[in-house]
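For reference, the structures are reproduced in the following blocks.
Two complexes are shown next, each including subunit A; its partner changes from subunit B in the first to subunit C in the second.
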Partner chain A sequence: MDINMYNPFIVPFAFGVIVLFINLFIAFVSWIYHLDKQQSKHVLKNIISFKTIAAIWEALRECIFHRNIFKRNPVLGYMHLCFAFGWLALIVVGKMEAVAYVGEYWTNPWLAIFLRFFEDGRAFPHKEVYAFVMDLLLTFVLSGLLLALIKRVYSQLLGMKKTTKHTPSDRIALISLWCIFPLRLLAESATAAIKHNGGFLTQSLGNLLANLPIEHFVLPLWWAYSIALCLFFIFMPFTRYMHIFSEVLLVFFRKWGVTESEKKTGYTDMEINACSRCGICIDVCQLNTAANFNNVQSVYFIRNAREMVNNTKVINNCLMCNRCVDACPVGIKTTLVRQLFREKDGFNKTNYYDYLNTLSSDNKSKKYSIAYFAGCMSHLTPSIINSMKTIFDKAGENYCFIDEDKNLCCGKPLRQQGFLTQAEALKKHVTEIINQTDADFLVTSCPICYNSFVNEYNELKMPVLHHTQYIDMITTNGKIVLEKKNLSMVYHDPCEISRGCNIYEEPRNVLRKTGNLFSTENEKNDTLCCGGSIADTAIEGTDIEAIAKNTFATLTKSNPDILVTACPLCKKTFMRNNAACVKDISEIVVDSLNID
Partner chain B sequence: MNTFDSIIIGAGPAGLKAADTLANFNRKVLLIDTDAKIGGKLNLWDRLFPDFSSSQELLNQLSKNINNENVTLKLNTNIISIKNNDNHWMATDSNGNTFYATTMIIATGFDVFDAHRKEEYGYGIYKNVITSVDLEKILSGEVSIETPSKVAFIQCVGSRDEKVGNNFCSKNCCICAVKQTIELKEKFPLTDIYCFYMDLRMFGQSYEELYRRSQQDYGVNFVRGRVSEISPTMDNKVVLKAEDTLLSRPLKLTADLVVLMVGMEASKGTKILGNQLNINNTDGFVKSTDRYLSDSETTLKGLFVTGTSKRQMSIPETMNDAVNAAVIVNNFLNTL
Partner chain C sequence: MISFGFSLNTSRTIDIDADNFDKCHSLINHVPSYKRCIGCGGCAATCSAQQHSQFNILKCNLLFRRGEYDTLSNELDKCMLCGKCLLVCPRNVNTRAMIISMRNLLKTK
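Then we have the complex of A and B:
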C-alpha cells in the first residue's frame, strides 16, 4: 500500500462499505440457511449446470440493464439503467483507471472511487480516454438522477399515475443517494480546477470554479462525497435499495429451480427483499384504479412484510388476480408470498375434513370418457352445469359427474386463506375420487378448480381440461357442429385460466364459430378481474361492485350483444346489477348447437 | 291544452286512492298507467295478509269512484319524461302526447325482484322453482298443479342481499310467506312445508299471531338458515342445500316445489323518473323531503310522491300515505 494515497476522508467510505458487506453477509447466510429441504435439493442439483450461466445472463439483463422495466416503460427503464449500469461502470472503469495509473493490479481499493484526488499529474496509458469515459458515465448517471427527481415531483411525466410512498429510512437513503453523484461531480471539478486532470464535464465545471477560492473547498467536498456514500451504504440494507443485491441472489436461486414452498422460507425473504418498490404494481392494481385503495398493493404489502408490520387488513385485501405478478419487473410471485402470510397456524391444528374419508365412491365399475368436476361456483350457476350436460350428451360422452351431490371443493379457497392442512386433506380426497373414475379426461367448469388441478394436484392420473379447452377440442375434431349466429360478442378472460394457465386461444376459437367476436381493451394476459374474487376477504360489497362496474364498462365499450366469460364466479359478479346479457361460453355453445 | 289540477302517474293502490281523495276535493285529476288495467301490483295477489281478504274486492272498492267526472283515466300510456315549465308540470308519453297540470304525483310503485338474478336458486332453469307471485296463481286456482309432498319457501330473495345490490328489507315477504304457507296447507293438507328464513319480522298488527297459528294449527316448519344452492335430482325434484343455523348443521332437503319470496325493488318507472328529476335515493326509490314532517313532498315545487315508489309499504300503509299525499296536494293547490 502506498501511504501517499491515503487521506482520512476515505474512512467514512471504508466504514460504510465494511458495514454494508457485514450486513449483506448476515442477511444472505440467514436466507440460505432458512431454505427448506426441497429448495436446498434444487440448489445443490442445479448449482453446477448451465442454469448458473443462464442466471448470470439474466442477472446482467435484469439487474443491470433492466430489460423488463424498459419493455413496460422506457423512460423508467432508462432511469434504472442509469443508476445500475452507470454506477457499476463507474466502479469498473475507475478500477481499470486506477490499475493503469499505479501500474500494478493490487492497488489501494479506494483508488477506484477517489483517484482524481490522489492523482499527482504523472502520465499513464490512455489517461485522456479514461478521463473522458469517466465523465461520460458520470453524465449518464446524473441524467438518470434528473429523471428520478422529476419522477418524485411529477410521476405522471414518467408514465406512472402513482409512485411509492416512502418510509423514513428510505428517505435518508434516497437523499444520500441523490447527493452522491452531484457531490462527486463537484469534488472532481474542484480538484480539476487545481490539478487540470478532469474530463469534458469536470474540467469545464472546474474551469468555471477556478475563479472562486476553490482550494478551500476541495477537501470538504471529498469528505461530503465520502460521507454520502457511507450513509447510503449503512442504510441501504434496511431500505428499498437492498434490492440491488437481493435481486441478483433471487435470479440465481430462481434459475436453480427454487420456488415458494408451503410455508415461509429463506426464499420468501429473498423475494421480499428483491422488491425495488418501483411502484409498477400500483398502477395495474384494480383495487387502486377502480376502488381507491392505495395502501394494499403488493409493494406496500411487501414493505410491511420486510418491516415485520403484520396488517391483516392489507394481507387479506387482495383479489389475487395476478396482474401485479405479471407486471412485476423483478418477477416476484407477490400473490404467493401474500398467501404464505395468510397462514392460519392456530386453525391448522385441526382438520375439519376428516369425515371425508368415510365417503364411499360408487363410480368404480364403469368406464368413463369424461370425469366432470363442476366446482362449487358452478353449482351457483346451474345454467352452466345444464349446458355442459347438454354438450356432453351431444358429443356422445359417457361422463361421470363427480361433484354432482358430494359437496366437494378443490381446496384452493382454503389454500388462498392459509388453511393448508385442510386444503391438503381435500386435495388428497378429491384426487382419490377423480382417479377412481379412470376417465380419459378430467373436465372442470371452474377456472379456480382448473388452476388448482394443474398447479397443486400432482397425483391426477388423467389430463385436465377447462371446459373451454374441452369444447374447443370437440368442435375441432367434429364431435359437435356449431352454427354461426349473427351475434356480436366480447370475451372476458377469467384471471385463473388466462394469466394463471395461458388459456387464451381455445375460447376464442370456439366463439368465432358461434358468432362475431370483437376484441376489447385489457385482453388476454392484461385481463381485468371481475372483482368478485373469493381470494379477497377484506373487501366490502360496494368496492366489489365498483370494480365489477369498471371492468364491465371497459369490456362492453363496443356495445356487444353478449359479454361471454368462462368462469361461474365472473358470470355471477357481472350479472349483479348489469341487466346486459352475460353468458358463459358453454351456454353460447348450447345456443349454437345444431339440434337435429 | 289538457290542463289538470294534478297528474298521478301510476294507477296502483296508491294512485287510485290519491285520485279518489283528490276527486272528492273536487280537483281535476289525470290518472295514468302503462298497463292495460288499473290496480298495478294488486292484480298479482289473490288474497291479502293478514286477514285473507280478496284483493279484487279491495280493487273494486278503490275503483268505484274512478269513473267520477273529476277523474280522467289513461291506460296503456307510458310516461317517458316529466318537466316543470313556468310552475306547470308536463308529462310526455312515448307517443309524443303531452299532458299539463299544476301538480304531479309520482305513484310508480315497485317491481318484484327478478329471480333470474339469483341463478343459484335455478329460477327459469328448473320448472319446480317458482316465485311467490307465481304461487298466487296456484292458490287462486288459475294454475293447477299435482299435490306436492314437500314444499320449501325461501325468504329474502333479492332482499337483504349485498350480492344483488339490495341491502334493504322488503318487509312484506315474511308475513306474505306465512299467509301463503297457510293457504297452501289449506289447499294441500298433506303437504310438508319448510320455510327458510334469516329473521322473521312480524311487525304488523296480528302478524305474530298468524305466524304462531301457521306453526301450531298448520304445522309449517320454519328453519333459520340461508339456502346456498338448489340442484335437480333424477326424479325431477330439487335438492336444497342450506345450513340450519339454530342446530349449526348443514342440511339437505328434497322438495317438489320451491317458492322464492321475491323482494320489492323500485320499479323501472320509479327509477327512470327519480333519475330524471334527480330525486332518487341510492336504493333506487324516490326521496321525499323529510320522512317525519313532509313525507309527500319532494325538493321540487308541485311534485309529490306517494306509496311504494318511496319505500316498501304494505297496502294499509299505502292507503294512508295516498290520502296524506292527496290532502297535501289539495292544500298546495289552495295556496296558489
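Then we have the complex of A and C:
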C-alpha cells in the first residue's frame, strides 16, 4: 500500500464496490441455501468434475462473448460484447498496468481503475503499449455505448422491433452506466492534457482540451467518474444488470445438473435474476406480434417476479409455446418458471378423480401390440380417431383403445395451471391403466399428452410414440403402403412435439410419401403456435382468432392445397378460424392408403 | 306472500335476499366472458369428467350464480381442466378460467 497514491475521490467508488459485494454475497448465499435436496445433491456430486471446467468455458463464451446473442443478431451481440468483454478487459489490463507501474503485485486496488490520475510520469515497462491498449479498449466500449444509445432511440436499426420498457431503478443504473465511460474518457483526457500520459484517443482529446483552462476540471471529472461508478454499483443488484453476476452463477449450477424442480427453489431465483431483459423474447412472442399484448412476455413476467409483483393476468397469459425459451440467449426456462408461479394449493385430498373408470377385466386379459391413447382433444375431432383406427386395422395391429370412454386426461392441463397434487393423482391413475394393457407401444394422437407421457410419466412400462412416429415406423417397415398423390401440402409443427420433443423428420418423411411437401417460413424449431394453446387461461376468443389467422396466413403463403398438422387442438383452432382445408397427418395417410 | 292460487317448487325458488351474489360479481370481474353464457349445456355434454360421474359444469355454474356454495368446491375438484368445453362453447366463454376462478373464490371466505 502506498499512501501517496490516494485521493478522496476514490471513496465513492470504494463504497460502491463494498456495497455491491455485500449485496451479491447475501443474494448468492440465500439462493444456494434455498436449493432443494435433489438440486444440492447434483451440485455436490458434480462440483469436483470436468463439468466445472465446462462451466468455466461456457461462462466465458456466454457471459463475456455472448455467443448466443451473436448467433441471433450480430449487431446486438457486438453491443453486449463491447460492454462485457471491453469492461472486463479494461479492469484486467488496468491491473496489469498498475502492477507494471508500481513494480509489485500488491498495489492499491483502485489503481487499476484510476492509474492515469496517480501516474507521476516515471517510465515503466511497456508504458506506451499499455496506453495504446487501454485506449483501444475504451474506444471499443464507447462504440458499444453508441450502439446502445441508437438502440434506445431507434431499436429497428439493431434488428429489434421492440425493446424492453424500463423501471425507474433500471433507468438510474442505465444512465450511470452510460455516464461511466464518457466520464472516464474526459477524466483521462484532461489528465493527459497536463501530464501527457495518454494514448491515441485520450492524448488527442487532451491536446484539444489543453486550450481550455483544463486544470480546474481534472479533479471534478475524476470525482464524477467515481460517483457514476458508485451509483451503478449500488443500484446494480436491484436492476437488470444483476444478470452480469447471476448469469455466471446460473451457468455453473446448470452445468452441475441442476434443473427446475416442482416448486420454487433458489434455482428459480437464479434464473429470474439471470435475465438481462435484453428483450429478444418480445419479438418472438406471438402474443406481441399477432395479438398486441405488450406486457405479458417472459421478460416482463420475470421482472414482475423479481419485484414480487404477482399479476395473475400476466402470469396466466402465456401460450407456453416455448418460442421465447428457444430464443433466450441466457437459456432461462421461462415457461417452466411461469408454471412454478402458477402453483395453487390443492385441497389436501388424494381421491380427486376416484370416479374415473379403470380398464375392464376382459381388456386386461388380452395381449395387445398397441395401447392407443387418443387424448381429450382428439375426441373433438373424431376423424383423427377414425383414421387411426383404419391405420391400425390396415397394419394388422391388435390395439387397445384406452380412453374410448372419452374420460381420461393426461394431467398436463392441470400441471400447467399449477394444480400439482391433482395432476399427480391423475398421472398415477393413467399410468396404472396404461401399464395394465401390457402393450408393446403406447401411441397417442395428442401432442400435449405425448409431451406429458415423455417428460412427466416416469413409470410407464412401454415406449411412447406420437402417431406421426408410429405412422413413419409402419410405412418404413412396409406394414402399410402409401400412394403418392398430386397434392401440395405444408406441414405445421405443433409446439408440443416439435420444440418440446424434437419430432421434426418423422411427419415430413410420411408426407413426402403421400404428396408434394413444401417448406414454410416458420418451420421446425421456429414453428408458430396456432393460438389455441390450453396453457393460456387469460386470453379471450378474439385474440386466439387473431393468432390463428396470423399463423395460418404465414404458413399458407405458398398457397398449398392442404395445411397438414399433427395435433387435434391445432387442427380445431385453425378450422374454427379459417375457411380452408386443414387436415391431420393421419387423415392424409388414410386418404392415400393403397386400398386393394 | 300473496297467494296466487298456485304453488312454487322450493328447489326452483331463487331467494334474492338470502342468496349471496358477491362471488358471482367478482367472477364476472375476473372472467368477463362469463357474462356471455347462455346455459346451452354444450360444455356439460362434452365434458370428460361427466362421462362417469355426476359432475355437471352447467349445474356448477347455476349453483354459483345462485350463491349456493355448499357442495360446490367438492364438485369443482372433479374438473380436469382438459379444455374440451372451451372448444365447444358457442359463446366463447373462457370456461377453464371460470372454473379456476370459482375454485379460488370459493376458498376465500
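Keep in mind that, in the parts below, the second predicted complex is superposed on the first by the 579 of 596 C-alpha atoms of A that agree within 3 Å, B and C clash if a C-alpha of one lies under 4 Å from a C-alpha of the other, contacts with A are read in each partner's own complex, and residues count from 1 in each chain.
In this section, contacts are C-beta pairs under 8 Å (C-beta built on N, C-alpha and C of every residue); 3 or more make two chains touch, one makes a residue touch a chain.
Predicted model, so just to flag it, every value in this text is computed and none were measured.
*Asks:* In the superposition on subunit A, see if there is space for subunit B and subunit C together, and answer fit or clash.
*Replies:* clash
*Asks:* Just subunit B (first), just subunit C (second), both, or neither: which does A:T537 touch?
*Replies:* The second partner, subunit C, only.
*Asks:* Quick check on the superposed pair: does A:L460 touch subunit B, subunit C, both, or neither? Answer first, second, both or neither.
*Replies:* After superposing on A, A:L460 lies clear of both subunit B and subunit C.
*Asks:* Kindly classify A:K572 by the partners it touches after superposition: subunit B alone (first), subunit C alone (second), both, or neither?
*Replies:* both
*Asks:* Report for A:D405: first if it touches subunit B alone, second if subunit C alone, otherwise both or neither.
*Replies:* Both partners, subunit B and subunit C.
*Asks:* If you stack the two complexes on chain A, which partner ends up touching A:Q422: first (subunit B), second (subunit C), both, or neither?
*Replies:* second
*Asks:* Regarding the shared-chain residue A:V93, is it in contact with subunit B (first), subunit C (second), both, or neither?
*Replies:* In the superposition, A:V93 contacts neither subunit B nor subunit C.
*Asks:* After superposition on the shared chain, which partner residues are touched by A:A14: those of subunit B (first), subunit C (second), both, or neither?
*Replies:* Once the two structures are laid over each other on A, A:A14 reaches no partner at all.
*Asks:* Under the stated touch criterion, which partner chain does A:L136 make contact with: subunit B (first), subunit C (second), both, or neither?
*Replies:* A:L136 contacts neither subunit B nor subunit C.
*Asks:* Output check: A:S383 vs subunit B and subunit C. Expected answer is one of first, second, both, neither. What do you get?
*Replies:* Once the two structures are laid over each other on A, A:S383 reaches subunit B alone.
*Asks:* Using the superposition described at the top, determine whether subunit B or subunit C touches more residues of subunit A.
*Replies:* Counted on subunit A, the partner with more touching residues turns out to be C.
*Asks:* Pick out the shared contact residues on subunit A: the ones touching subunit B in one complex and subunit C in the other.
*Replies:* Common to the two interfaces on subunit A: residues 379-380, 405, 407, 541, 572, 576.
*Asks:* Quick one: which bits of subunit C touch subunit A in the complex? Just the residue numbers, please.
*Replies:* Counting only subunit C, the residues touching subunit A are 32-33, 46, 48-49, 51-53, 55, 73, 77-78, 80-84, 86-88, 92, 94, 96-97, 100, 103-104, 107.
*Asks:* Looking at the complex, which residues from subunit B come into contact with subunit A?
*Replies:* Within the complex, subunit B touches subunit A at residues 117, 119-120, 122, 125-126, 162-165, 167, 228-232, 239, 241.
*Asks:* Residues of subunit A touching subunit C in their complex?
*Replies:* By the definition above, subunit A touches subunit C via 316, 344-345, 347, 349, 352-353, 355-357, 376-377, 379-380, 405-409, 411, 413-414, 417, 419, 422, 426, 532, 534, 537-542, 569, 572, 576.
*Asks:* Where on subunit A is subunit B touching in the complex?
*Replies:* 379-383, 385-386, 404-405, 407, 541, 545, 571-572, 575-577
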